[in-house]
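These are the structures in question, set out in turn.
In what follows, subunit A forms one complex with subunit B and a second complex with subunit C.
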Partner chain A sequence: MLALENIDVSYGNAQVLRGFSLLVAPGEITCLMGRNGAGKTTAMKAIMGLLPLAGGQITMDGKNLSDLPAHKVASMGIGYVPQGRRLFSELTVMQNIEIGLMARGGANSAEIRAEVLDIFPRLRERRDQRAQTLSGGEQQMLATARALCLRPDYLLLDEPTEGLQPSMIASIRKVALQMKNKGVGVLLVEQRVEAVLSMADKVAFIENGEAKEVVSVKELRRDTALLQRYVGV
Partner chain B sequence: MTDMTKSLSLHLGLIALLLSLNWLLPSYHHGNLARIMVLAIYAIGYNVAFGYTGLLSLGHAMFFAAGMYGMALTVRHLGWSPAPALIAGILSGFVLSVIVGLLALRTSGVAFMIVTLMFAQSVFLIILYFTEYTRGDEGFVIQQAQRVMGGIDLSEAHNRYLAALLGFGVCLMLTWFLVGHPFGKTLIAIRENEERARMLGYNVYLHKLGAVVISGTISATAGALYGLLFGYAGATFATVQYSIFPLLWVLLGGAGTLLGPFVGTLFMFYLIDFTSEITTAYMLVAGVALVLLTLFAPQGFMGELRKRALGWLP
Partner chain C sequence: MEFGPYLLLASMEGAVTAAVLALTAVGLSLVFGVMRVVNVAHGEFFMLGAVIAWYVASTVGGHPALGFVAAMIIAPLFVGGLAALADMVFLKRIAYDPERTIVATIGLLYIIQQVTLMTYGPDARPVVPPFNTRLALPWFEFGENGFEIYWPWGLSITSYKLFVIVAAGVILLGVWGMMTRSKIGLIMRATQLDGEMAQAFGIPVERVYAMVFGIGCGLAAMAAVLIVPIQQAHYLMGGDPLLLSFIVVIIGGLGSLPGTVIAALLIGMSDGIISVFFTPTLAKILATLAVALVLVFRPQGLFGTREHD
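Up next, the complex of A and B:
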């Protein structure tokens, strides 16, 4: 279980997360929803150790992650695909994947490489192309593939469908579901309601840095008032 | 032929070509090329930090000077023979780069440039302050008798050329190996997107420290060789100008390409050499040429070549 317990995070004097709590279970897709500026990306960055905690703690399967630097958090089994993809743009598709594989220390590289390329066959076709020349959807695939090279126990996806065409969104959805079926806990930050309803198991709402209701997707389908209240749709 | 084989053949081919030129070049160009090869070692060192890791240092002259003085002072004051003195020079650069790296890498971007510049100025001032040992601005000559290594007189033109080529070849192939190694690939990843590399589980600080140490040690090797082969050590080599030179050479030749440092050094050396014969305002001509090149070939000679034709160039 990935657990955020009453965490406080600030940017200088501006406090963004206030006693925020969240649970991400293995084999489940949890979606974090809220308006712009509510603190969704901040929560992900806090998990990754990119922002220091002013209070509270973050644990993964009982291990405290709160004071660990980002590179240690990643090596403990949390894959992060940030908003905007953040690829190594001058490197080719395969070189990007190799960097992901090397981060694991090189164990089972051939097997994982084949596995990742099977998930994203499009990347196999583009293997020698520089990352910056890929389409938005392909870049998202590559960013996700690179995170999967770590064989993470938990996968954080920050707005993975942003700016993508429907076929690409379907691919991302398929991967999230595949990961879930493998027992990976997925934390998804997403604005598209239809994408959330089609892949998430539960939705946690966040408002002004505070955790609000956590509901199952089934409940949310029945009662969409929460979406109106916290997301404005 | 795989990309790796092509690249290895190209680099070994260049070394073979430079070896054959030892017997073909007229004496003027023969001497120039020996000097260019030693300066190219310095540029190769700079390229590891700047071209491959994205660390823009304005203080690399301190490593060059550490190598030069580490070698020259042990010869002059302790009477060491060239081989251990050369090692002392390289070790001086190694130790200095560890210390500077540990401190300067707590900063990044512009602050890193300023901190490295300040460290280099400190080294320059230390050289001037201890004039009694270093002879300050004037510097000192290393006598011909002190430049004989294992019976080989390094002041003799052909020996000097071959020693410069040996140093150049070793450093070139060392970086060729480095760039193909996972450590080198990680440096490129850090250059491209530091935060992303960190989020994949890489210890960015340690990798950058490794890059600064390798870069500083190679630069010190160049400094030690320069002093030994050309018989002089002076504070000029610790000035800010000598920190800017490798940046220019690397930018011209192609940052983040293995042959770029050599090509850039060769081009800049001869550009100044030719223009200074035509006009006293040779730096103006050189400056205009640099501006044009930066405008029309922003990735440098080898960078453009890689982009347009030879994508496999490391």
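Up next, the complex of A and C:
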């Protein structure tokens, strides 16, 4: 279980997360929803150790991540697909994948590389192309592939369908569901309601940096007023 | 001497300047490219390399080549280690903030310079070159008997100067190989492109920064070891390499290693040629003017790319 327990996170004097808590279970897709600026991306960065905690703690399967330097978090088994992809733009497709493999420590690299390229065969065709020259969909594939190179126990997907065409959204959804079926805990930040309803198991709402209701997708389908209240749709 | 042979002689001098400058400036460019740190103390790390080369060469004794080889190994390692330590003690603590690192490296500049003055003293001291044979250079003319090669009096270069050009070229190729072909180069480039994402993928960015600062300053020290048999070691010798390195890095494009090397060739060659034909001062004036023109008409440098917000 990936657990955020009463965490406080600030950017300078601006406190973004206030006593925020969240549980991500293995083999489940948990979606974090809220309005822009509610603190969704901040929560993901806090998990990755990219923002310091002013209070609370983050644990993964009982191990405290809060005290680890940022570069150690990935090797604990957390893959991160950030908002806007944030690929190493001037590196090639294969070099981006190598960075993902290094994060895992380099064991079984050839096997994992082949596995990831089988999931996204398009990347095999583009292997020597610079990341910045790929289409938006291909870049999202690469960002996801880079995270999958860690063979993660938990996968963080921040707005993975942003700006993508329907066929690409279906492909990302398929990968998220594959990971879930392999027992990976997926934390998804997503604005598209239909995407959330089609892949998530539960939805946690966040408002002004505070955790609000956590509901199953079934409940959400019955009570869409929650979406209106917390997301405005 | 006629103009042609004289130009060849000036070009050879320029090539030596360019070779040493390229090494020094690539160190500065590497540090700026990866860390976004403007290392104002870069020239002092260069000077320290020269001073340590003198210490090592005079301690080792025996054939000058022994001392030189020892200096070529010890000086860059010592300077690189010291720079990495300075990174961890000073730059890391101010979170690599661009403005504060400028002030911090100005402080480092004075610390290194004054400690060197207190320990090494104010004298300029020579290091004996490992070999120094004078090699005559040929020239050609189209005379009454057609194309003829002859050996003009005074047209020559020392074997050591040729070695400096070749050695700098080999080291630069090594740096290029490291950046483009090695795992550590991949890590450095990833850190350069997006430090936060590099951390999210397990790269210890602060350790990479310390290593890059060490390598950058170590390259300056290597350049100094190469030049010290020609120029002598002196505690104030860091000023010119710093100025010229900044000129080269700005013209080449901040953080662009190929741009830095090409700009070093342009500036180094023109510095050598103008110094021989006119005066070294005019060479510096023209180089500074070139920087001003680049900043006005192409602020990203000749080979740099514009940064978008």
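To be clear about the criterion, the second predicted complex is superposed on the first by the 233 of 233 C-alpha atoms of A that agree within 3 Å, B and C clash if a C-alpha of one lies under 4 Å from a C-alpha of the other, contacts with A are read in each partner's own complex, and residues count from 1 in each chain.
By definition in this document, a residue touches a chain if its C-beta (ideal position, glycine included) is under 8 Å from a C-beta of that chain, and two chains touch if they have at least 3 such contacts.
Because the structure is predicted, anything quoted here is derived from the model rather than measured.
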| item | value |
| --- | --- |
| Superposition on subunit A - do subunit B and subunit C clash or fit | clash |
| Partner chain in contact with A:Met48 - subunit B first, subunit C second, else both or neither | both |
| First (subunit B), second (subunit C), both or neither touched by A:Asp118 | neither |
| Which of subunit B and subunit C A:Met102 touches, first, second, both or neither | both |
| On subunit A, positions contacted by subunit B and by subunit C | 48, 50, 69-72, 74-75, 80, 82, 86, 88-91, 95, 98-100, 102-104, 146 |
| Complex contact set, residues of subunit A against subunit C | 48-50, 69-75, 80, 82, 86, 88-91, 95, 98-100, 102-104, 146 |
| In the complex with subunit A, residue positions of subunit B that touch it | 182, 185-186, 188-189, 192-193, 195-204 |
| Complex contacts: residues of subunit A adjacent to subunit B | 48, 50, 69-72, 74-75, 80, 82, 86-91, 95, 98-100, 102-104, 106, 146-147, 150 |
| Subunit C to subunit A touching residues, read off their complex | 183, 186-187, 189-190, 193-194, 196-205 |
